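Encoded as structure tokens, here's the structure I'll be asking about.
By letter and in written order, the chains are A, B and C; residue numbering begins at 1 in each of them.
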């Protein structure tokens, strides 16, 4: 269970912009243990989707991996030839996009599209492919009769189920899901997450779940990687990062959500300001300009990953004081003073 | 903390059997008898007291956004009536309409869509002032005041910028400032934080709450997330396929939802807590199809408690303690 | 602090107008097209000064012979003369005038009518939309060139027939396209916002919708310039043109009727042909520039 099977080390992904380039992901390291769900959390522009795309090596035209390794079952995905990488895609690494509508072709039935994957990519025969299609639909909880339907005949949640079926078609070992439930209503969101977790347990696959929503992480993930402005701010087990956040950014996020289980009277703590521009990131800690706890060193020295407890890392100069900071982070006044 | 609601005791809005039906499919399919009617809002009645904040809660397609648009006269009801201060909103014209426009406002889901990208922040905020006939000389001061009200730090620096030069959180504050600049009495906020980054959501929600309290606003907050509704509204109306399912104090609905649909909504709210129930939701799969709602109770095909009567008889909204529920179980 | 801090630097009216029109000045083809237009425009304006003769005047040589079929350069005629002794260069110069007059008025009519129809139809919808769009359907059913010929047969032969015909028929494309654009613009949040804040329909159209469709009406306008000039040339060539006014199409017809081809009088029919090609393609170059500006992805 704890055996690491994907290990990302010092990953750096850059975008060519005009004559120069900017580093959307800069020195990201994390591990995915076999059979676990790892949540990659952060705001838009923090680099989480770029990491996910880099793992599949399906990236924007102007993006390239400019450093680091991605060891997947002993192979370095960053160094693999395009041909070898292509052989891995779908068979071992599959992708669930945010909007299933964009990944499904509106002019073909769902069955046709599933078949295409199964027969061309998986090399299955006609009869085998048909059997597998039905199996997959049963797995994701859609009536087999709907295989002949076109994508537009499905509701948003159903389409997301189809996308999951499509990703699981060839029994991958790793599934990367990019905001799979973001566009969905709470009820459908919950049902899709249940489905995803059940399948993950049942098939023993590993999942990287990219999301901006800590609640999604809390519901389904085993581990959390919090990203901020292209860096990893904090990582550890889901429980540790949520109950004992040790980076001021995660502390802020934790109290920025209304919690239905908590008392009604609490006031949410906003994090004032906005993430820095990646074209011109601030020196030192990238969160320092918005951080209520920043000290002199934060503005000049990039903080190292500090192991606050076994397996739980926070990239903060004051990680040692985390329990005290956590207490102060609960109060709105702490965050407002900074504004 | 809130200024006392205006005397009369009469509600600001009374909505009686409001309906908004669309015909889908063109004239041709109507000829072939295939046209269908979507009932976006179907016989909704409630009253909004002065100074009250009501959350309209439900999934997409439940009619919550249409309800908000009806209140603001962005759509014309196809049935029923909406009374604002005793006057029928759909009959407002000319001067009366202009007065009503100045008293009611809207805050949008996507701030980038809510402002014209060609205009500077100054021009965006000046438009309502122009319409209200505020002399040009007074604009500057009113604009800066409105931006300070929504806690945009150093507002002067934004006035000559264009929307794309602002972050989502900043722009949403500009949209709020535009809504508040004429000091309206009533505001509809349609999922105002769902498009924003998590770290700035709390800021916008706090501003919304504070401003509402300070100005004594009456507000409708539209969302599918009960946790957000609970943060800003003391009363919640749960909608499903154009009908009201449950209407009552938010805390009561959070702690003891009565309608089976409310129960599912409460259970589905995501919580940032590692220890939470993973039980399956008490609701059937699938999504509501507004073109083809079931007979009787519109929720019955997903309801775990449905029985014979639900298929034959539409449940009326009935009093149940502190609230009203539309379910045959009560 | 409020007083000094806001010295508005509002751009002048001209700059704002050009900003709204968004001339495609960074596209080399479009600049080339604008340049060609510029040259023809100057020629048209100063035709009286540039042309050495009246284009319809029948000229005689100093020996009192008819100055017919002179070759370029002979007797000081830059491009020679026609079989009736008229100066070809002067005809070309004056032809520019009628070509541009027709092209620009027709383009203006097409863009104006189309934009108004599109705006009204798309913004108000309902029965107004239904009526206008059925009218557009009827206009789509009218074959253009035969329509102009019939019109010319009923009315006096005149270059304005072309303009009238284009105004009556060609607004359909502009109207349709602008209507669909307005439909998407109308559903934008800022239009709702303007309504909620009390802006009138007219104000919303003028302020929030029209500026967004202006480049589109210019695109259709620049297409219409080429069309109008081509149509006028065709009509004149077919002999339905106005014999009183000199146009490039009339020159071609004249050359054809006088068997210039058999006489190998290339100097007679090639220059008007080149002029037509230049003006029409200049229009399409500009169109292309607008397209790149409006739909940047198409260019890639």
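The working rule: a residue touches a chain if its C-beta (ideal position, glycine included) is under 8 Å from a C-beta of that chain, and two chains touch if they have at least 3 such contacts.
Owing to the predicted nature of the structure, the values given are computational and were not obtained by experimental measurement.
Student: Of the chains shown, whose Cα centre falls closest to the middle of all protein Cα atoms?
Tutor: Central chain is B.
Student: Please indicate which chain is farthest from subunit A, where distance is taken between mean Cα coordinates of the chains.
Tutor: That would be chain C.
Student: Averaged over CA atoms, how far is the centre of subunit A from the centre of subunit B? Could you give it in whole Å?
Tutor: 31
Student: So what's the Cα centroid distance for subunit A and subunit C, whole Å?
Tutor: That gives a centre separation of 55 Å.
Student: With chain centres defined as C-alpha means, what is the inter-centre distance between subunit B and subunit C in Å?
Tutor: It comes to 50 Å between the two C-alpha centres.
Student: Two or more other chains in contact with one residue: find those residues in subunit C.
Tutor: None at all.
Student: Residue numbers of subunit A touching subunit B in their complex, please.
Tutor: 43-44, 141, 155-158, 185-191, 194, 197, 212-219, 238-239, 242-243, 249, 252-261, 264, 267-272, 274-275, 332, 339
Student: Going by the contact rule at the top, pick out the subunit B residues touching subunit A in the complex.
Tutor: 59-60, 151, 153, 167, 169-170, 197-206, 224-228, 230-231, 251, 254, 264-274, 276, 278, 280-281, 283, 285-287
Student: With touch defined as at the start, can you tell me which subunit C residues reach subunit B in the complex?
Tutor: Per the touch definition, subunit C meets subunit B at residues 1-2, 5-6, 8-9, 188-190, 192-199, 203, 207-208, 211-212.
Student: Help me check something: in the complex, which residues belonging to subunit B touch subunit C?
Tutor: Residue positions touching the partner: 72, 74, 97-98, 101-102, 104-106, 108-110, 113-116, 118, 122, 127-128, 131-132, 140-141, 144, 156, 159-160, 175, 178, 182.
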